[in-house]
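The following pair of complexes shares a single chain, subunit A, combined with subunit B in the former and subunit C in the latter.
Here is the complex of A and B:
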């Protein structure tokens, strides 16, 4: 056994001269990486590199054209201690989040529970309830801008049959603008949540329901002790995602009010957009982008910690 | 709970709920579902009604069905909104993004699922972390970079951004699909002398078709409806996709509800038609995609 005598590991040069090794290396390392590389490269150039640049840019007073001066945390100081509008933006993001962590979840949980119990027309309901989710935001916004119009919308029609008080300019008043936009976005969104919950419910083994029935559980107990535990992971996961998305909210607000009236529906992202793209305050806008990311990272951290503590997410 | 202990049809010793209770429950369920479905569909119905009314009739009857059908609204919207151009542009954005995403994502997912070269785990971690980075974190530097490279205001520039942003989702979906495929066929092909590329195109690709369809639908829907990046990166109206052009269109004709309603129907018609044709794939694909991102 001459092979066993040679226990010394081969040097790199020796391996390189071994055609079998070269072939294996090509097959198992180089070719697979060549398959991965094009998409990875595009992603690094479009996402990773600019993300790092964004952090640096947030520490400068760059306006997008002339030279950038390094100013340390000045942008952040102004953001948190001087920019009143930014503070209102954060508050609005938090209202947005409290809306989206309750209303669509309650609607979706209720609707999917009801839908899971029926067999007839189940597919028809499912499809029709999902349609708003495939519509473009610009179209959804147009539909509801008309429906919420004080003179020709739903409010006016209700006033005609004696239900007064709802024919107000929902999107034009400071007190109602933000929540009206949230309502519109939610009309588009909640069906998606419902479908996710429904899919999770349908994946629960029927034997569990039979067992619950043997134990004499009523419908509520069945839902509480079989359905809810079964869909808990997806509900909690979507809680995290929706919380993150709440800090990214932009399109419906921009399309419908651009943050108005008088900043009452402004969120961090609409500020950022205005600063970076309309006022060319690139450094300041980048700082706001970093703040949004910190909020998102913070939410992820909370969930990772809960998971470490044994939560089933 | 009358018939406790009766043998149920499903074969177990289950207490059967009374038939009356059951049917009462079903009535309640259907009533709730009809209400919620109306909430989802009625606004679309009103939009469709208004798209075939005159503005005078919308003023008198803004919610109900039309008394007479004015189909000319569509021709007028099609022309004044320049939908021939912008719908064509949207088709280009969608097709180009899906094609690039499926080819590049398919290759990458194949390597990560079936070949697992050293560093694969690190790479999956990279994509996982990257998929949580909000677009707001990098949009400003990306915009500046694209301006410097002359990619601003070009169709291929926007497609590159779309391909990059959908990359993590594509890789997660396709990889999880390919990882479940049995390995014997690939081994057999290799024994027969197929190279890596042939194994990919002849064996893995045909077996992963449903995965590719899912990614195509999810990415395609996202690009067709995409608004923010298109608004930010494309300023020349001749290159607008349908969303940003419709946005400017509603701005310009904000008082002409008949015209904008017809335009809105034109924007959503292809997607709603495709959705109704491929409901199951759409719903399951988006549900899967939503969980994976």
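Here is the complex of A and C:
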């Protein structure tokens, strides 16, 4: 019995009277929390509280000015069952996502693999390809609007020297507007991916390449069996991030077409902005914001599940 | 230590002087949209006002997207003392939410009822109380390349039929009929919708539709929109709808100035920089002039628009001083100076007879004709001033579906009618002066 009594867990009061326990607790629990507290407070104020408010506002008829009245799920009903523009926005978002999960990844993987081999002027090439990423979206958009102009852009210049066919209003045709904007956004974006992949490639131990060479692997086999597995975590992570970012696409579209012509480049975010700020339907806009968050959560959930199944993400 | 004491004393003295100064001077803040002539305007307004009364200081902050910033700040209980909105339809929401102050007592005290045209003050009424003062009276007119017209023997049209006949001639000559485009500003579309409604359906029918007496699907509205659609379909607007949506303002005006295009329906705000595209400044020998947009009947009709409004923030600590600023800003003298120096459209106030003597006679004629049209019941309505927000957005976004043959004119007008009816029932329509 005495032995059992000795094994009885210490009560909180007993632990508190133990100076060693108090010091350990202070060092391992309280101090770390004190360090993180300011950041946590800021996060609560600028992220958590507005997020909760946003969810509540999505259940109201708030105009952005007047008092909000609770209307339950009415905004969501209209959004999913009546709003054709929203459905069109989702379709365009999915096209946008398909583009950004393929084109920039292929470009970035190819160029980073090539640049990883280049020793001379390697930094110059990397810098040149990365520069578009640091340009402001409004600058990039304005440059490309002029370059794609059917009257004074590249197409018009080529037509002047006898190469016709490219002097078309890329941003003015419903069938080409969205993908033209995606092309412009990608011009700005893919250099960022390339630099990330390049950094990941440079972290692969050279011994693995040496071993592959001894085994008689050619360049493709080296890339396939050493480089790609080495950078897979960052590639998959960026896959997730790009998928989420695809639902936040707004700036290039708004600057270049504002969702036009005739809604052909409208995405959820442009629709949200229009409702919240131009139509004075802020509650309805908040509902769209919540839907975007749910989409993002869904994408994260897929990646979490894959990770649990052993994927190296 | 001695050095520290000296520095400390100087710092305390400086603090005492600055805080004493701060107690004496009341600062009134105003956020002003950044734009081509913004600095010119801000300098005239701030320097002029600050020279009058040292006890009140006007601080003008220039910023892009002023309205987005203002509405967020004001709804959050902050923002500038003087609240500027893009038009009367936005005032209604702010007034009914108690975010801006009623101005009736200031209007009586400071003589605003004598300064403004009565119909213009009425635009600021919400439930019978004055909440805003309208600014930048504007209208749409038809600019044309006078030199090009003279060289081809064309004369400016007076009726819509004459305009259509002339457009066919211009097209046959290989010249773009209208240098139009919306790449910089998608709401450009609404200029033409509102203008064609007034010029073809007639201002009285537009008034009836705005007050719910006739539907937007009225035969006269259908005719107006079909004429607009016909012009777009024939490529008269900037070379066709595909090109129209990619043409920027600079492209449009350069084409008009060089003679690649013959005409341009645009606002009087363009007076501010149209000379940059003609004559020596643009390295050509061309001249511009304007006529009123041709109407169906041949009568000179002018749509009325207000560029923005000014109100006083309900959370302002200095409403009386803010009212003093408004009194100064809207005085006929300051408005005349802003027009002459910066090309700003004047507020709808009684300008002095000699206010227009120093400005381009073409510009003076525009404001004189607009004033006469108001007096003679020949005025129409711009969509951004008289339509409620949701209908307004619908007008300029959905018309593209007509132009791209996704919907018919009738379907477009039915959609507008349905939305407008909702906003009319909710009381969201800006004040429409009785005629």
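Everything below uses one rule, namely that the second predicted complex is superposed on the first by the 270 of 313 C-alpha atoms of A that agree within 3 Å, B and C clash if a C-alpha of one lies under 4 Å from a C-alpha of the other, contacts with A are read in each partner's own complex, and residues count from 1 in each chain.
The rule we apply is simple: a residue touches a chain if its C-beta (ideal position, glycine included) is under 8 Å from a C-beta of that chain, and two chains touch if they have at least 3 such contacts.
What you are looking at is a predicted structure, and each value in this text was computed from that prediction instead of being measured.
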Clash or fit, subunit B versus subunit C on superposed subunit A: clash
Touched partner set for A:135, first subunit B, second subunit C, both or neither: first
First (subunit B), second (subunit C), both or neither touched by A:150: second
Which superposed partner A:35 touches (first subunit B, second subunit C, both, neither): first
Touched partner set for A:126, first subunit B, second subunit C, both or neither: first
Superposition-derived comparison: subunit B or subunit C, residues of subunit A touched: B
Touched partner set for A:262, first subunit B, second subunit C, both or neither: second
Contacts of A:280 with subunit B and subunit C, given as first, second, both or neither: second
Contacts of A:223 with subunit B and subunit C, given as first, second, both or neither: neither
Contacts of A:288 with subunit B and subunit C, given as first, second, both or neither: first
Which superposed partner A:76 touches (first subunit B, second subunit C, both, neither): neither
Contact residues common to both interfaces of subunit A (with subunit B and with subunit C): 64, 149, 152, 277
Residue numbers on subunit B that touch subunit A, as the complex places them: 10, 12-15, 25-26, 29-30, 32-33, 36-37, 39-41, 43-44, 46-47, 50, 58-59, 62-63, 104-105, 107-108, 110-112, 115-119, 123, 126-127, 130, 132-145, 160-161, 163-165, 167-168, 170-171, 196, 200, 221, 224-225, 227-228, 232, 242-244, 246-247, 250, 257, 260-261, 264, 267-268, 271-272, 275-276, 279, 282-284, 286-287, 290-291, 293
Interfacial residue positions of subunit C with respect to subunit A in the complex: 68, 71, 75, 93-94, 96-97, 99, 182-183, 186, 241-248, 251, 389-390, 393, 397, 400-401, 403-404, 406
Partner subunit C, residues of subunit A touching it in the complex: 63-67, 145, 148-152, 168-174, 257-263, 274, 277-281
Subunit B-touching residues of subunit A, taken from the complex the two chains share: 27-29, 31-33, 35-36, 38-40, 42-43, 45-51, 53-54, 57, 64, 107, 110-111, 114-115, 117-118, 121, 123, 125-139, 142-144, 146-147, 149, 152-154, 156-157, 187, 191-192, 195-196, 199, 210, 213-214, 216, 219, 234, 237, 241, 244, 247-248, 250-251, 254-255, 268-269, 272, 276-277, 282, 285-286, 288-290, 292-293, 296-297, 300
